[in-house]
Amino acid sequence: MADELVLEMRGIRKEFPGTVANDDVDLDVRRGEVHALLGENGAGKSTLMNILYGLYRADAGEILLNGRRVEFASARDAIGAGIGMVHQHFMLIPVMTVAENIVLGVEPRKGFLLDERTAEKRVRELSERFSLAVDPTALVSDITVGQEQRVEILKALYRGADILILDEPTAVLTPQEAHELFEIIRSLQADGKSIIFISHKLKEVLEIADRITVLRRGKKIETVQRAGATEASLARAMVGREVLLRVEKAPAQPGDVLLSVEDLHVHDERGIEKVRGVSFDVRAGEIVGIAGVDGNGQTELIDAITGLMKSEAGAVKVAGRELREASARKMLDAGVGHIPEDRQRRGLVLEFSIAENIALHDYSKPPDSKWGWLFPARLVERAGRIIREFDVRGGGPLSAAGGLSGGNQQKVVVAREIARDPKVLIAAQPTRGLDVGAIEYLHRRIVSERDEGRAILLISLELEEIMSLSDRILVLYEGEIVGEHTPDVSEQEIGLEMLGGRERPAA
Amino acid sequence: MKFSRGIMLACAVALAAVVVTATAFGGAKAPTTQKASFTAALVSDIGKFTDKGFNQNQLKGLNVAKSKLGVSTLALQSNSTSDYAPNFNSAIRKGAKLVVAAGFLLAPTEATYAKKFPNVDFAITDYTVHTSPFADKKGNVLPAYKNVEGLTYMANESGCLVGVLAAKMAVKNGGTAVGAVGGLKIPPVDIWIAGYKYCVHKIAPKLKVLVQYSNDFVATDKCQTVAQNEIAQGAKVLFQVAGGCGLGTLKAADDANIWGIGVDVDQYSNAKRVLTSGVKRVDTGVFDAIQQAKAGKFQGGSDLVFDLKNGGMGVGKINPSVPKAWVALMNSYKAKIISGKLKVPTGL
Amino acid sequence: MSADPTVPPEAPEEAAETGTLAARLALKQRAGGLVVPILTALLAFVLGGVVVLATGHNPLLAYRDIFNGAGLNWIFHPTTNIASTDAYNLSQTLLQTTTLILCGLAVAFAFRCGMFNIGGQGQYLVGLYVANWLGYEFAGMRPLPHILLAVGGATLAGAAWAGIAGFLKATVGAHEVISTIMLNWIAIWGGIWLFGDGGPLQNVANKSVPISNDVAASAQLPVFWGVQGLQGLDVGFFVALAALVVFALILNRTTLGFEVRAVGFNPEAAAYGGISVKKNLIRAMAISGAFAGLAGALDMLGYLYHFGTSDIPASSVGFLGIAVALLGRNTAIGTGIGALVFGALLYGTTHGLSSNVIDPSLAGNLTYMIQGLVVLFVGADVLILYIWNARRKLRPKSKSKTHPVGASA
């Protein structure tokens, strides 16, 4: 019976010092349902699920499982009650096999020893039943990220989960892998399992969910049926205002070549060749997007162009001038702006103030300093202007960058790079981990910078982002450019190339 | 704000502590000078009074003076080089009539104070006044230092006596070598080793005498390492000449089941296999200096020499496993030295 | 997209996981503020008191003796007359403070660049040797140039000594903790050879003792409180105070300091910002070493004038500098206060625990016990912070009682 409620959470409230993470939240899940939990970062989705999974204790409210009131003191209790959770970060032991990982803690035994054969048999049965293809005898260190996720799901199923919580499961997957995951979810659903699907991506929620509950700032906004919901309506509920989802842009009007990469070869720290003879141009006023699955040389390509890594061979020209023995300093001075892929690890010194972060490239030049003497007041004054101009919220010039939300941290990075008036702007995963509102802002900003006449190189693992922003698309596979397209190319075609499914076209 | 309450709390606690201390301490009187007629002070070197040897033994002499002579005493320990001057200052400030410096490290500081305070008597253990900074190049004591007395020890004589036993023991155990582990290569150390080596060769000319230095008087592990090195080279008896550090030498001897010889004080009970100890009565020196000064017979500008004859040098408890005949042999050497028939060298 | 109030409180802590040691420490400092160092010191003193009690003495009296011994009771009846015991003791405490400030800065500066300089002791000793050599060798110069020469040379020597460790880290990645410890030993044994029997810097007057020459009068720092030659308080004290100001200025008001802090917090972001990480590692270590070398110079020219081989391994101010910097949270003001606390403790325990009340050998050990406890608790900051944070985490539970369910619906 499809309408049978398996889980009800009523009036859940959870406070952390200075913030209310969940405020009187209700959630009910039916048997065999995929129920999406949608919300921006920090909306309280994870907190709610951690309460359900026994990791946090609610300050108020109750949880009913199959109509009976339950209280979980730990994850062990929740697992015992048939709740499974697959976290964003997998918790697998790489040196053990898939089967060993799955049965860990609840092993079938022969005396004191692990009964390997029984374990493998049971895992195989489970994986066939839910069409979760994975080799039980493979070592976890040898399998792909998508397979690791399947192992996590199997782990939960092995422990008898009827309700499966998936925390942003597609964040780490390629489009193909995501597609396969949805197949798996459907087969679980057919078997009567209930799935709680946490996400902030509207498209996939509309694709997979039966019902959608939207959280905003710790409060439940609404629960809607998929039928009738649109991206726009969901975005409005999530953000609390109208959101422009499509990137609106005029056709590009490319000018001079500002960035030129010629036959670039780059090795990583271990000496493995990661970029193998890449050549391309980026012109003023155009956005060139580089699509590719993570780990195909994107990081090394960016680092070589920005002077953070030495290249083995090849040339990088900025506005026609070749930069030999480039350093980060030289590249910055030549007019290359860089929004790095990891804003917390590289883009910002989190302990520094916003003012200091904004001065990170130019602290050694007037007006920031003279003869080595720094003028903090000028840093603060400039930061104040930029904070206003770029609408950075959550702190003033003297607040630590680490205290800002992800979106505002990214704004600081973007503001710093754009304020330097660069000829070339390299944007690596500029919207990673950001929510709809912030993404909207950044996309618009990137387009407007293009229109200012900058040459923009966009690198992203989100194919959708590449497709919607780029004027030209390059596909990077195993360190080589395997395809060049106009943005009207189909997602399938690029997806295939990203996985190496097509030979490199003859040049 | 979240933290401000915590900060205020901590500040309040700190403030309360300050107020309490202030009231408790403010009323305290500065220490008054000693009432007794004569005050003697002893300033340790950085070996400190806990070195189970040189400094501690002098402290013993000071304490004996306190009980036997009825003088007031001040024992001032130097934990670091910067404590030397304040300790002299404190001794004089507290009315000491005699300040004894425990070793050569204190010589420059003692010289400075002796010059500034001509009415106070100063003595220094193990250091002759006939050298810099107290004397000119010819060894004549400078007029400014007529209030300084050197307390010197003929440690070569005791070194000879323990060398006799060491040689006999090594030969009996079929060894080819005996060893000495010095602290630093300085005269007060080498004088021991000179006597030891001389008499080892008197008994057994073929025995090798290994001499190495730990460059430390405090850290036992350093002496232990040097000692193990000598044991590896075949030493059957080890003479430690490194104060507290030398306890490591005795331990190494224990561990290797060979024999150790203590120094300065009777170290028979400091390890299991102690053959005997070369005893330098620095306690007697301190005591004698105080006794003289109290009686008004202080001999400033000269040295008080301590040797076997006047009992300032000797040997400690002899291990029962040493045959009586060896002890007799040793005593015959002692008699010869006292009578002047045997001259033991003082330097290596 | 305003600053979302529902960002869980764990967020900043997670961010810190990715940072360097310095970054994590900086975060803890912000979390604990002033409270933790004060609690640290108080707890150490309380436990020190228990130790005193266990030896059968009154801890309050012992602490009063330490307080007075350090001359801190001088504030109740201030006088500049050095004949006053309090004034003399205070002058000696400040003399210790001088050295500790500089040795503390030597640790703090490297720390701000993400490095742990354990080598302050070696850098201090090298400064000591060079100051002694220049102070003796160039006798007869006019005082001011002679002092500047000796101080400058010793400071540069300390910088070079530490710079070796920075260079090794920047070029071959040798960890600075290992290399500075090894450089300490080289400095110790080098000094024993220099001043030892037959060594090149052994004093010429009495070849039988392993002590250096005396610094010439022209290189001796003027004493402004006390008696010249009798370890009075010399002008080095003001140099140390100035060094605190210089330290703060370099870090906060120069591009050099900006680079040092950026590298210390997040070397990857610094490199991204166009800062040469390697250059800064070497430079920060050298500046650290300069502070320690300066400490050696001021001690040698200010009151020691000579040094014996046995004094070398017994010296430990460089190591105390680590405790000073940690207690002072690697800031200028903190280091100044930390140096005063440790200076008073060092001098007060040695000279305040009266030999008539407590056996001097026991008093000496009490000195080390109390010092050790402070160092231990400074190191146990993490524990205190943990308790401090746990207290914060416990709070929401009790708070929720005041917000009945449904009140906010």
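Chains: A, B and C, in written order; residue numbering restarts at 1 for each.
The rule is short, and it goes like this: a contact is a pair of C-beta atoms (placed from the backbone, for glycine too) under 8 Å apart; a residue touches a chain by one contact, two chains touch by 3 or more.
On a predicted model such as this, the values are computed, not experimentally measured, just so you know.
Chemist: Taking the touch definition from the header, please name the shape of the chain graph: line, ring, star, complete or other.
Modeler: Here the contact pattern is a line, an open path with two ends.
Chemist: Identify the chain whose mean C-alpha position lies nearest to the mean of all protein C-alpha atoms shown.
Modeler: C
Chemist: Could you tell me the distance, in whole angstrom, between the mean C-alpha positions of subunit A and subunit B?
Modeler: 73
Chemist: How many angstrom between the C-alpha centroids of subunit C and subunit A?
Modeler: Distance between chain centres, rounded to whole Å: 45 Å.
Chemist: For subunit B and subunit C, let me know how many angstrom lie between their CA-based centres, rounded off.
Modeler: Those two chain centres are 33 Å apart.
Chemist: Give the residues of subunit A touching no fewer than two other chains, as numbers and ranges.
Modeler: 17-18
Chemist: Which parts of subunit B, given as residue numbers and ranges, touch two or more other chains?
Modeler: 2
Chemist: When you check subunit C against every other chain, which residues touch at least two of them?
Modeler: 392 - these are the residues of subunit C that touch more than one other chain.
Chemist: Would you mind writing out the residues of subunit A in touch with subunit C in their complex?
Modeler: Going by the criterion above, the answer is residues 11, 13, 15-21, 23-24, 40-44, 46-47, 59-61, 217-218, 239, 306, 308, 327-329, 332, 338, 340, 344-352, 356, 359-361, 363-364, 368-369, 372-374, 376, 393-395, 400, 402-405, 407-408, 435, 437-438, 441.
Chemist: Can you list the subunit C residues touching subunit B in their complex?
Modeler: 33-35, 38-39, 42, 60, 63-64, 67-68, 73, 76, 85-86, 88, 92, 95-96, 189, 192, 196-197, 203, 205-206, 208-211, 214, 227, 229-231, 299, 303-311, 313-317, 346-347, 350-351, 354-355, 360-361, 363-365, 367-368, 388, 392
Chemist: Would you pull the subunit C residues touching subunit A in the complex into a rising list?
Modeler: These residues of subunit C touch subunit A: 1-9, 12, 15-16, 18-19, 23, 26-27, 30, 252-259, 261-262, 265-266, 268-274, 276, 392-393, 395-397, 399-400, 403-406, 408-409.
Chemist: Using the touch definition up top, name the residues of subunit B that touch subunit C in the complex.
Modeler: My answer: residues 2-3, 6-7, 9-11, 13-14, 17, 21-22, 24-26, 28, 30-31, 44-50, 56, 59, 74-83, 85-87, 89-90, 93, 104-105, 107-108, 112-113, 116, 131-133, 184-187, 215-219.
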